[in-house]
Amino acid sequence: MSAADTIQRLDKQQLARRVARDIPEGAYVNLGIGLPTQVANYLDTAGDYFLHSENGILGMGPAPDEDHIDWDLINAGKQPVTLLNGGCFFHHGDSFSMMRGGHIDICVMGAYQVSTRGDLANWHTGDPDAIPAVGGAMDLAIGAKQVFVMMNLLTKTGESKLVEHCTYPLTGLGCVSRIYSELGVIDLGPDGAKVVEMVDNLTLEHLREMTGVDLTMAQ
Amino acid sequence: MSAADTIQRLDKQQLARRVARDIPEGAYVNLGIGLPTQVANYLDTAGDYFLHSENGILGMGPAPDEDHIDWDLINAGKQPVTLLNGGCFFHHGDSFSMMRGGHIDICVMGAYQVSTRGDLANWHTGDPDAIPAVGGAMDLAIGAKQVFVMMNLLTKTGESKLVEHCTYPLTGLGCVSRIYSELGVIDLGPDGAKVVEMVDNLTLEHLREMTGVDLTMAQ
Amino acid sequence: MIDKQVRTVAEALEGLQDGAAIMISGFGEAGVPAELIDGVVAQGACDLTIISNNAGTGDVGIAALIGAGRVRKVICSYPRMVGSRHFEERYRAGELELELVPQGNLAARIQAAGSGLGAIFTPTGYGTKLAEGKETREIDGRQYVLEYPIQADVALVKAYKADRWGNLVYRKAARNFGPIMAMAGKTTIVQVEDIDPLGTLDPETVVTPGIFVDRIVRIADAGKAAA
Amino acid sequence: MIDKQVRTVAEALEGLQDGAAIMISGFGEAGVPAELIDGVVAQGACDLTIISNNAGTGDVGIAALIGAGRVRKVICSYPRMVGSRHFEERYRAGELELELVPQGNLAARIQAAGSGLGAIFTPTGYGTKLAEGKETREIDGRQYVLEYPIQADVALVKAYKADRWGNLVYRKAARNFGPIMAMAGKTTIVQVEDIDPLGTLDPETVVTPGIFVDRIVRIADAGKAAA
């Protein structure tokens, strides 16, 4: 049995739970479309968390039951949501002022690629035939105090999405502070990538090998 | 009896009434502090006029009686006012967006000097000892679609406040469209000053003489 | 007496010209002035520039306008969606210009137009393809891109309630682009579910003051305005 | 549970440091956080920069701070008022720096700070003494002046009601600079007349979302907070 077979990779739900553990009570958080949205399911419901949706909601609650769907109350992924007591509405200008102005504490996003210095590529595959669409990705990337990327480090074909330099079109420069992945948690910054934690049975050497980037352990 | 003796100069209330006549129903209007505020007294109360106050009021009504003074409901001159049905409140950012964005139809202001091309000087006498204070004057001057200046053309000592070039510090360049004065109404613009109307017994020649500026009759 | 209410969508859209730039509120289905867009489809103006967050889906609304070849340019943040077939076809055929703008820059540029700013330095997009060729500047240690206002000849907005002076309130996340587009349109045309008597909207809770609104048309919740 | 309410003005002002830039809401008497300013007077921080529309009158509030020699610089639109004796004395003595800003530029620069813009081109002030030495640019046939954001370490705001998450509503023209200053303060401290249970403020009518508010202190209408 090879070492790789024993690596305890996190599945998507475990990953969402892991991210949720690092979101302190009282944080203002924007959870990106797709997998990041799942993080909400693991926030401690005994505490107060403030979920922001760029279409003008602060204090988003969980999805409604079928009888209470209101299509005027949707999240950025255009799914029906609810509003907590204490939530409120505002227009798109104010909503993006919250982001751009540095008022959102944490933004959680997916990515195609992230560089060791925190450059983010998550809006365009670079395929010249693709219809480009950016939405709020660039605003979220540079606005929040901390940007967490939540992704598998390796593609299905084993390529690393953590890279020295992004080859996909950039969303923002030096904006990602941390990656949460199936293999562990990695801090990014001007000094490069530092491994904060790894899943069981994974070694730094092995992680370096799989990603092909220079990794050190965080102090 | 000299010609000057027979000139039917408008007094302040007549002047306010004259300005009011040129404000059409439905206009969004900002009336400056002091004499311009009096214009409100002569608007046709059968019609709808929208008075804007830069401290965040649209739909200002007349002064309250003494029993209904509310110090949270004051105009830009810090006098108690009322709110009409259909009026509303907003913050300073939105209030000055209304002005700067060209949404106010008419602004009526006083002036120290106005040039024939519409330059306005109304915030500072130029006295080096004076404490400077500008308030919203510069914003009002350049924001409204039309800026009306309401002033006596001549000072008490007979100097003209309509000039070829302002000698007082400027509030805005080329922003005044019309002067309403004790002697008549004068349009201003890139082509100079054009007299729209004069009070009884005043001639263009006499008006030129008194102001010392080149005046022609408007077509 | 000032009454900004008009009776029909057609009346609301009077004067809309070929070549016009039209802002359209909405995010998802929320806040989309569907009947006003249908009115534009019926009205016939072409060579239009559409400024909206998306570029339409299916065969209705903005997608119908694009499908009919009436749109020259789209300024939006997210044109690619499930069902954005008409946009994709015209775009791939080179018949439709796209100006792709990050959503927050779209909002900020619309706000700049409404509030009379000449340009803004925004951090969003710096170092990306969407800032290529644009002026940039380091201010206080951070990099910014210079972006210009986006103005519109006509803004089409959906709100919840109005009064005859054009004061507006919205409903939940259907507010989205409505208030800022209302400020940026040379003519702002609003469809609402109800028009309340003057003085019944709480002056503290008006979101869009009537000064930003030119015409209001009532579209009953489930139905359409009189033709 | 997140509860942004603190019990006393002193607690609300904890951490206020010498050299701080402080924004203070209010226009006339409306919306002035009088008890919070009194708290600053009592707290002792000096070498302050005060950002407010006026520079205080009489012997209270901002005037008291200035009179006590605690203010290094004032950024405002209208310092000269009946009773602005303390400002005038210190200013004439050269002991107080004044940055005079047109009121709308003051608002726009505060908004730029709150919304993360690096700078804005504004038409106000072009060609006047207040734009001397500043970068200007013609954009689309109009002249603009480049103006930078005004940030504050602390924003002191008066609102009408809050909830424990910091959502705020205001009262009439006392709203004025409150909402935009709340967005621009690194720490935003708000005095309110009432703190309502969470969920009782209508989410459609919240003017300042709680995200912009750090601390709330209740000052009963006529009285003072517990010392």
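As written, the chains take the letters A, B, C and D, and residue 1 is the first residue of each chain.
Heads up, the rule we're going with is that a contact is a pair of C-beta atoms (placed from the backbone, for glycine too) under 8 Å apart; a residue touches a chain by one contact, two chains touch by 3 or more.
In UniProt terms, the chains line up like this: C, D = 3-oxoacid CoA-transferase subunit A.
This one's a predicted model, so the numbers in the text were calculated from it and none came from an experiment.
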Centroid-based (C-alpha) most distant chain relative to chain A: B
Pair exhibiting more inter-chain C-beta contacts, A-D or B-D: B-D
Approximate Å spacing (C-alpha centroids) for the pair chain A, chain B: 56
Interchain centroid distance [CA atoms averaged], chain C/chain D, Å: 33
Distance between chain centroids, defined by C-alpha means - chain A, chain D (Å): 35
Chain B-chain D separation of Cα centroids, rounded to whole Å: 30
Touching two or more other chains - residue numbers and ranges from chain D: 108, 111, 115-117, 122-123, 170-172, 203-204
Shared interface positions of chain A, touching two or more other chains: 83, 89-90, 93, 96, 99-100, 143
Pairwise touch network: line, ring, star, complete, or other: other
Full enumeration of touching chain pairs: A-C, A-D, B-C, B-D, C-D
Residues of chain A touching chain C in the complex: 53-57, 70-74, 78, 83, 89-93, 95-96, 99-100, 124, 130-139, 142-143, 169-173
Residues of chain C defined as touching chain B within the complex: 1-2, 111, 113-117, 163-165, 167, 183, 198-199, 201, 203-204, 206, 209-212
Residues on chain C engaged by chain D in the complex (per definition of touch): 108, 112, 115-123, 137, 139-140, 142, 144, 148, 169-172, 202-205
Contact footprint of chain C on chain B as seen in their complex: 25-26, 28, 47-48, 50, 52, 58-59, 83, 85-90, 93-94, 96-104, 143
List of chain D residues in touch with chain B within their complex: 27-31, 77-81, 84, 87-88, 91-92, 98, 100-105, 107-108, 110-111, 122-130, 143, 170-180, 207
